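Chain nomenclature is as follows: A, B, C, D, E and F, assigned in order of appearance, with residue numbering initiated at 1 for each chain independently.
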């Protein structure tokens, strides 16, 4: 009981793996996903600020850092379930909120309760910070699915996730940071050179030739 | 599309881990849990049959083997969520059933659809076979939580699971097989000898003494 | 001592990995293999029954569920060893049977001994159920090796396992369920679409184009 | 080359494990450690703010989020090495800074370079935010080592880490947030109840008795 | 075909885990076991040499390094099986030798065949080097089982392995190096201090008191 | 304190993974790397001896077995760091040597100290044995990187490691054993056949056709 329970719960997020029930070459925990999303949001905020938009940094960091904390209570429920019916999704959100609220009221001393109730709320609203979070969350998902495709994961789910992530990012195409991403970052990701096993032969010969002729 | 999708899905159950988001010394997949529950149900059925009760073996095996197949669609959602409200639990069951039904209608040829719709239904009903399944499911959970406690897992959740499992088993205390379990199996589980590190010293001395004096 | 030892042993099967000593992208335990084989046998039995053949379901489930239980005593010995000489294979089977028998006589109360001696016997006999087990065992092995090849495992062993499994399945080509497998399931497995990294570029462009022109 | 390299590098931090070369029951990556430190720093900042101290939130989040990013270049070098000689430690810091600088200049476009050079600098300075980072970093280390001790890790290193972390925290004992931690959080951590295997017997009996007498 | 196959096989030994089918806190591969046995044999050889005994170092290293290479062909078969009958054990040894011989004749060029046939032979003979190997193999097994007991593994198998290893070591009690081990090394192993969770409380209080009173 | 500490440290080398912070399909510990390098060095020594060169086997085995033991103290520091500046590399070597020396003086009894100080020294000198070690170390690294490329690791680092290893091996091209490696072993490695998923279709058809026409 108390803030200790909250600190201890952070470690549970290290044991909560994303996208359960599918073979992956590299697993990602909710803890490290949250880290990466916050770092990506930091970059997107920087781009917006340089373009002259006002960024509320305190709000942006709070949103990014805490955006999946509630999965502690519900787990990373499979996406198709969450969206199987609008009714379920709404009810699900309600339950999540109730459980989160109950946790805050039980574990946090009075003086911190309102602050943490606020922090654990859904952060993807219409503010600039909310929109950056929506995009950063999907950028990390895009990288996760790209990583699987690149390593040769035959599961078509990862192509679906890749496409779905990209389409969500494009919903925010009017944002300067999204335009930056599409123009400067995404092409580099797609241009990643692959090591072809078949090239090894010629590489090897070239190296041997160059070094034997010394 | 087709039965191949069904066969392939069995492997996804090997990647779906039970009780996500908690540190465990030994992980258990839904696939191996289903195996163990079926083996335990087989034993409980044998006890019932020897006591003169009629067991519908085909039904018992079907129930046990398939009892968690629907987690393929929903994941192993955290128990507290499922029971947070009766409304959610009911809706959740509905969604699970709908998704399972959709899967059967999409992947199975017509001639197998009614059979598999039946197989993927909730099997914990009031028949002897349904009751054996209810108990066998909890016996495996009891062993899983006992295993963690025995290995020194400090997480109090496992004591709660142990207690909750035992209480559910006791709800079926009128069954011969449950009485057998309480009288013949549970005491052996609790009497498991531990290796005390402190004993190693005296064990070692005894062995050395016995062997040096040859 | 007692049935508790039997229940506890089920968890050891979760720690016994198939095909030891070879790099695999996805490991499979004897426990989850047994689960999958029983599920596959269930489907094959259903096909046979629909074709008018009488299936002894109790026998089929017992055979499938227990077919690798004896590996508890011997481990998953490397196949080439087992078949290095007929003499060794025969002796090995004898030893396996002896150890299994000793276990049953030591751990099970008298009233269950004959039942479990029967259950732990080799089930791959000439009955319809024995033949379904032979095929289902190889179908799961086919899927396991296909999974490795599909993920890019360079070890030629998996192609050998794939070929050997297919050939064993074909030995039972007169069975209705095997014909069904060859005609309806295997082609779908082979037609699995791959995600080509090189396609990502055009997919991405198509999505961006479609969404930017909104 | 470009920001894509920076985004990609975040995933490398998921594969960089802390405290290499020692048996641990639970591994922690640099990515999830950074997440936890940022969450802890957020709480400490909140306590300070409530006590009337001014917190520069933007600075605090930047410091916490990026404080171990440079381990990307150097790995989590063993602490005894780092402190083997002051000369080595200083040189080591220089090299780390040079490599980090080189990375920023190579991968980031001009307009972001000064911002990221600043972000990847050592953040543990004498500002309130720098001190909160110093403490939060050690609080997470305290929890990590406590977790190992609690699970029964026999390696004395973890007691040393526990003690060293606590002593570093105490160097900041004049801070309100540290006082809060010592008074409200640490005692709860130490009072964690253990599940004693020996208690299971009596718990079990109590439950059975209560439920059988219904 | 060729020495490349031999080099490649070394990596398979990294995927061959010892003592399959039992829960362990720390897994050990045949590759790293071989490394540790060779290092331990090196120390035992040093002790013998200092006591004036002539050590054939080339032979000792060859024996230690290669002593489990043949498990490549047979896997780490469960000990109880190997010793279930003298007949099986003898046949098993024959098969192992045949497979090893076949491998050498198939993969190695003529000029290396006799050397490698010799290297892959059973090395535990009556020479000083053979006896050191017998002991070093068991010392590593003693450490492996001690490690499990120390970490709280409840499986009684590890106590049996501990006892059996110690007894085998004691069969060589006339050796100077074994006497050294019993007198100088084993007591230190047994005297390893444990961190008691219950001590943390007092340790913590002591540290806080000492540091707050500065 | 004592030789027990040395024996115990061998197990730490099993937990020290090479090339930290990069996604790998197969991890390699320092313990198993040391094993493989010693085995490879054994083969290279054999080739040299057959060519009439005198090999000091005791020295060769000592060098190979112990060549990475010092990583116990420093970890597998990232290569780019080690070579970032000559000054750092030199200082780093000094620190490594000091720590190793301190360990030997603290843990080993007097009579073994000079022997172990010698054994833990850098072994890659200009003797034949030192040169074999240099090459064997890189051959194993070549195999490790080849394994990743073969499995489809998209990380370009592994191609760099492959090339760098090959170039180091070529620095010793005047050695008979290196010439043997280049002529007889490397081509076989590069000629490894791949299983193409696309071939599975035709393989399957061929097998089915052959077996159905029986």
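Observations
Quick note on the criterion: a contact is a pair of C-beta atoms (placed from the backbone, for glycine too) under 8 Å apart; a residue touches a chain by one contact, two chains touch by 3 or more.
According to UniProt, the chain labels map to these proteins: A, B, C, D, E, F = Hydrolase.
Since the structure is predicted, the reported quantities are computational estimates derived from the model, not experimental observations.
Common neighbours of chain B (Hydrolase) and chain F (Hydrolase) under the contact definition above: A, C, D, E. For chain C (Hydrolase), the chain with the farthest CA centroid is D. Taking B-E and B-C together, the chain pair joined by more C-beta contacts is B-C.
Mean C-alpha positions place chain A (Hydrolase) and chain B (Hydrolase) at a centre distance of 33 Å.
One simple way to say how far apart two chains are is to compare their mean CA positions; for chain B (Hydrolase) and chain D (Hydrolase) this gives 37 Å. For this pair, chain A (Hydrolase) with chain D (Hydrolase), the centres built from the Cα atoms lie 21 Å apart. Residue positions of chain A (Hydrolase) with contacts to 2 or more other chains are 11, 13, 15, 23, 25-26, 147, 150, 152, 186, 194. Contact topology of the protein chains: irregular, matching none of line, ring, star or complete. Chains touching one another form the pairs A-B, A-C, A-D, A-F, B-C, B-D, B-E, C-E, C-F, D-E, D-F, E-F. If you check the complex, the residues on chain B (Hydrolase) that touch chain C (Hydrolase) are 1-8, 10-11, 13-15, 26, 28-29, 31-32, 34-36, 38-40, 42-43, 46, 50, 57-58, 61-62, 65, 109, 111-112, 115, 139, 143, 147, 184-186, 188-189. The part of chain F (Hydrolase) that touches chain C (Hydrolase) in the complex is made up of residues 25-26, 147, 150-152, 192-195, 197, 200-201, 203-204, 207-208, 211-212. Those residues of chain D (Hydrolase) whose C-beta lies close enough to touch chain F (Hydrolase) in the complex are 11-13, 15-17, 20-23, 30, 71-78, 80-81, 84-85, 87-88, 91-92, 95-96, 98-99.
If you check the complex, the residues on chain B (Hydrolase) that touch chain D (Hydrolase) are 23, 25, 146, 149-150, 152-154, 156, 158-159, 162-163, 166-167, 170-171, 173, 182, 186, 190, 194.
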